[in-house]
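Structures are listed in the sections that come next.
Okay, so subunit A shows up in both of these, paired with subunit B first and subunit C after.
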Partner chain A sequence: MTRFWIGAVAVIAAGLLLAMTDIIANSFWFFAAYVVLQYVVLATAWNIMGGYMGYVNFGSAGFFAIGAYTAIVMYNLIKAPLLVMIPLSGVVCGLMGLGMGYLTLRLRGVYFAIGTLALAVVLETLMVNWDYVGGATGAYVIRPREMEPFGDYVKFLTFVMLVLAVIAVAAARWVERAKFGRGLHAIRDDELAAECAGIPTLRLKLIATTLSGFLMGVAGAPFPLYVGFVEPVSAFNLAYAVNAIAMPMIGGTTMWAGPVIGALLLGTAQQIANVTISSELNLLIVGLVLVLFVTLAPEGIVGLVRKYFGRGR
Partner chain B sequence: MLSLNRRGLLAGAAALGAAALIAGAPAKAAEPIKVGFSMALTGGLAGAGKSALIAMQIWEKDTNAAGGLLGRPVKLIYYDDQTNAATVPGIYTKLLDVDKVDLVVSGYGTNLIAPAMPIMMQRNLTFIALFGLAVNDKFNYDRYFQILPAGPKPITDWSRGFFELAMEQDPKPKTIALVGADAEFAKNAVKGARIHAKNYGLEIVYDGSYHPKTPDFTPIVRAIQARKPDVVYVGSYPPDSVGMVKAATEIGLKTKLFGGGMVGLQYATIMTALGPKLNGIVNYDFWVPEPTLNFEGVEAFLAKYQAAAKGKGVDPLGYYLPTYAHAYLEILGQAVKATNSLDHGKLAEHMRATTYDTVVGKVKFAPNGEWAKTRTLMVQYQDIKDNELDTFAKAGTRVVLYPKEWASGKIRYPYTEAK
Partner chain C sequence: MAIDLTVEGLEAGYGTVRVLHGVSLDVRDSETVALLGTNGNGKSTLLKCIMGIVRPESGKIEVEIDGERIDLVGLAPREVVEHGIGMVPEGRRLFPRLTVEENLTLGAFRSAARAKLSENLSFCLEAFPVLAQRRRQLAGSMSGGEQQMLAIARALMSSPRLLLIDEPSVGLAPILVSRTIAKIKELKDEHGLTVLMAEQNFNQAIKIADRGYVIVHGEMALAGESADALRENELVKQYYLGTDL
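Showing the complex of A and B:
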């Protein structure tokens, strides 16, 4: 068992212990942790495409929202439990990611980025006009009050999000180390050269976009149960797209730890800002930090660590 | 150089502890009653949220000046929800678990009330909401109360007055156009209007919606005009309400009754921007400076509000939302005083049974927490000749037509002549 897996098991065990006991009696910390962990999943998913493959996805909010709306469909249809909603949302968004992968046949660079942004707008318009999922009026999803053996349902939600975060990070780490990941790096550096070198670029891109979409959908699935009421404006909120990009950029896009560090730092800072300086300033914080990192440390925190300590892996 | 040994530290700690104990006793007695809420202070609803907050702070100040509640001062504790529903659950758990608030009320608007409901229900808290439309239809929570005077069936009560007025006219209208934004309130408003139209046997000749960020409403109004409806019912948000009124004026919309559920036409900034273009429109409202609505305390409250709002970039008149933001805290305060308790069960029981006197008049709740009887006003803009703020601060420019018990004038019909 490697150090990573020992750490992952330890994190899950610690999360389970905290969620099942009253060591942290204050449920605010669970609500806050849920949001931060949700961003760990989103940022990691974004980084598989944006960081490893070099295809910038501005439509993360669209994938996240479709994950949430798939959960709403499941809830409306059969009152599906969360553990059914999550894989289904992942599959739907994975298929959407596969579709987006085919976009890469014709769109690259900035054109691809604009295409993903347009995709989110199209999806939002579809949801606004689909009455079954609440349309523009919004949909209510009433979460159970309790979940045994966790007690408060939000503790259960937070624990589930922690497990999802660990799965997302493990997937990203696998991509990074596998031959598949090296193929993605080749695409990022020079797609034409990679193609000439015999790398099956389209297949790799399709797998990457599917995996990234799957993880973003998975991040969105528990959202209706967390918030209780979903309408397009909040589900497709710009903050998801901005954070999904900013967090890996700040943490570092070249390895799995980058998005995790970025999400933990920025997500926590935003949660603190929400209840202290109490304003939309948290997006300003993201913007400022992003500008600083892009100009002064383009390889993020991981890059800085490598530069000054000569290690990072 | 300062040096501390262990004995010194222990002595210091003991002294500090004793001081804290001595100081703590009187502090505990005067500990404020904390009222927690989220409010939209940035984002799309920030303008309205800030004006509501001013009204709530006036209540806080006045209550404390009058000796507080249960012999304790009151203190508002609030956080900016950024008009983002996703922030609301975290804010309310922070308020309840970290700030340990005693009482909770909602932020402004359906989208920001609904996410707080599961938390309220889980903890059995009494929750008074500020301008939510039909939130409790899904939750059926018996400790939920709502200050928007929509009535016990919010979806249809909202536009009831508009249709009752329409059907009283001679000749009776036969056709109707329904148009609304693809957004939460507008969809619900048009949904209610559609039900009324069918019940009254009106032929729906146009039933359309538009993107909330539509920049030009001329094509929409032209399409409506082409169907020649007798009545045009609009469910819209502030920017589109302005666009719709401007387009109707430019095109010269020919219809008998125009308006209904247009949000924004109640705001002083929009009224002064549109001025005479508003003449003839029949639209919902909640409070206007008409003699029939001069409830006790409202003038004094508005004087304080208008002084406090100066220079803050918020609604300078404060008729629409601030009056109700003050009223929902008045109800909370009256319930605490009457029950002599902060027990949420007792507070809810009192609220279910009591008629409250507030700056917006008497408030009585139905079993579902909505107003027992609708008081969604239908007002007609009349005799507006300029764009001055003072014009809208005096009686006679927004004449109350419905409900009849609050009527302050007569309808001018049809719209083509009234404008």
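Showing the complex of A and C:
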């Protein structure tokens, strides 16, 4: 077993311990940790496309929300349990990602980014007008009060999100090390050259967008149970799209650790700002930090660490 | 493995703009053929059509590999590569944020090429000693001449039988152009590589070409059966050599 997997198992074990015992009695900490972990999944998913492949997705909020809305449909239809909702939301958003992958045939760079943004807006309009999922007024989902052996249901949700985060990171790490990941880097650096070299660019792009979409949907699936009430404006919140981009940029887009570091730092900072200053200031913090990083440390924190510890490639 | 390329009556363009108006050309095994023409006459488009990057509107592109005819029209670039055709794109177009070795490895992405990866890698590092020295360096940080060598080496990683080279001289100092051309000749002489080279630097291209075509406004203006025939041609003199008529 490598150090990564030992670390992963340790993280899950620690999470399990904290969630199943009353070491942390105040459930606020779990509410906050859930959001941070959700961003680890979102940022990691974004980075597979945006970081490794160089296709910037501005529509992360759309994927996240469709993940949440798929869960609502499942809940309305058959009162599906969470562990059914998660893979289903993943599949629905994976298919959406596949569709977005075909967009890359015609759209590159800025035009692709605008296309993804438009996709999110279209989806939001659809949800606003779909009464089955609550339309503009929103839909309630009754959260079970408790989940054994975790006690408080939020503890269970947080633990589930922790496991999802570990899965997402492991997937990103696999991509990074596989031949597939190197192919994505080639697409990022020069797509035409990649084609000339015989790299099956379309297939790689489709796999990457599907995987990225799947993980974003997975991140959104527990959302209805977490908040208990979902309406389009909160599910399609701009904050998801902005954070999904800002976190990898701040952490560093070249390595799986980048989005994790970015999400942990920025996510935690936002949670602190939420209770100490104001929940409206969140995006301001993101904006300021992002400007600082883009100008001073374009390679993110991972890049800074590499520079100072001389671990150049 | 012998390879012959035949292009016949090729028409292609971008959107409503027609670039190639019925172009024909052929390259026989072990030949070096120069495709000459100034900017904007359709050299790159022709090479891109052969590679499957640009889809022609009509016409024929065929290779004959050991007696077996294969129609290349409609194939994806990766399939064209599998049939033993490699391309060095114009302006080098490396993967600048990857190392020299990673660039080379990416040239052998398909599983067929993968099998011969280490063999081809050591061949390339031997044929291009400068790359062996810079194996772990980022491709984008190398000089133009070194980048051109890497671009050629990357194309060789898929073990092509026919190499398409688009403007190897572009953006290089004259001495580096000479070196690049000499390297192409070396590959051709020592390894029997078949080369179709698009070039606007007539004097350099003609040094190593067995014969050549001149393309003007998307039409084949001239097919010269030898380097001398091209040099003596009035059209060539008018367009390239600046000699008064």
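By our rule, the second predicted complex is superposed on the first by the 310 of 313 C-alpha atoms of A that agree within 3 Å, B and C clash if a C-alpha of one lies under 4 Å from a C-alpha of the other, contacts with A are read in each partner's own complex, and residues count from 1 in each chain.
Rule of thumb we're sticking to: a residue touches a chain if its C-beta (ideal position, glycine included) is under 8 Å from a C-beta of that chain, and two chains touch if they have at least 3 such contacts.
All values reported here derive from a predicted model rather than from experimental measurement.
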Message: Is A:I23 touching anything from subunit B or subunit C once the two structures are fitted on A? First, second, both or neither.
response: neither
Field: Which superposed partner A:A197 touches (first subunit B, second subunit C, both, neither)
entry: second
Message: Once the two complexes are aligned on chain A, which partner has more residues of subunit A within touching range, subunit B or subunit C?
response: B
- request: Answer with first, second, both or neither: which of subunit B and subunit C does A:V110 touch in the superposed model?
  value: neither
Task: Please indicate which partner A:L296 is in contact with in the superposed arrangement: first for subunit B, second for subunit C, both, or neither.
output: neither
Query: Across the two complexes, what residues of subunit A are contacted by subunit B and by subunit C?
result: none
Task: Spell out the part of subunit A that touches subunit B in their complex, as residue ranges.
output: 25-28, 30-32, 35, 125, 128-129, 135-138, 140, 142-143, 145, 152, 154, 223, 226-231, 233-234, 237, 239, 271, 274-275, 278-280, 282
Field: Of all residues in subunit C, those that touch subunit A in their complex
entry: 51, 53, 76-78, 80-82, 86-89, 93-99, 102, 105-107, 109-110, 113, 136, 138, 154-155, 157-158
Field: Residues of subunit A touching subunit C in the complex
entry: 179, 182-183, 185-186, 188-190, 192-200, 202, 313
Query: If you look only at subunit B, which of its residues touch subunit A in the complex?
result: 41-43, 79-80, 82, 84-91, 93-94, 96-98, 110-111, 114-115, 117-118, 121-122, 138-139, 181-184, 186-188, 191, 209, 211
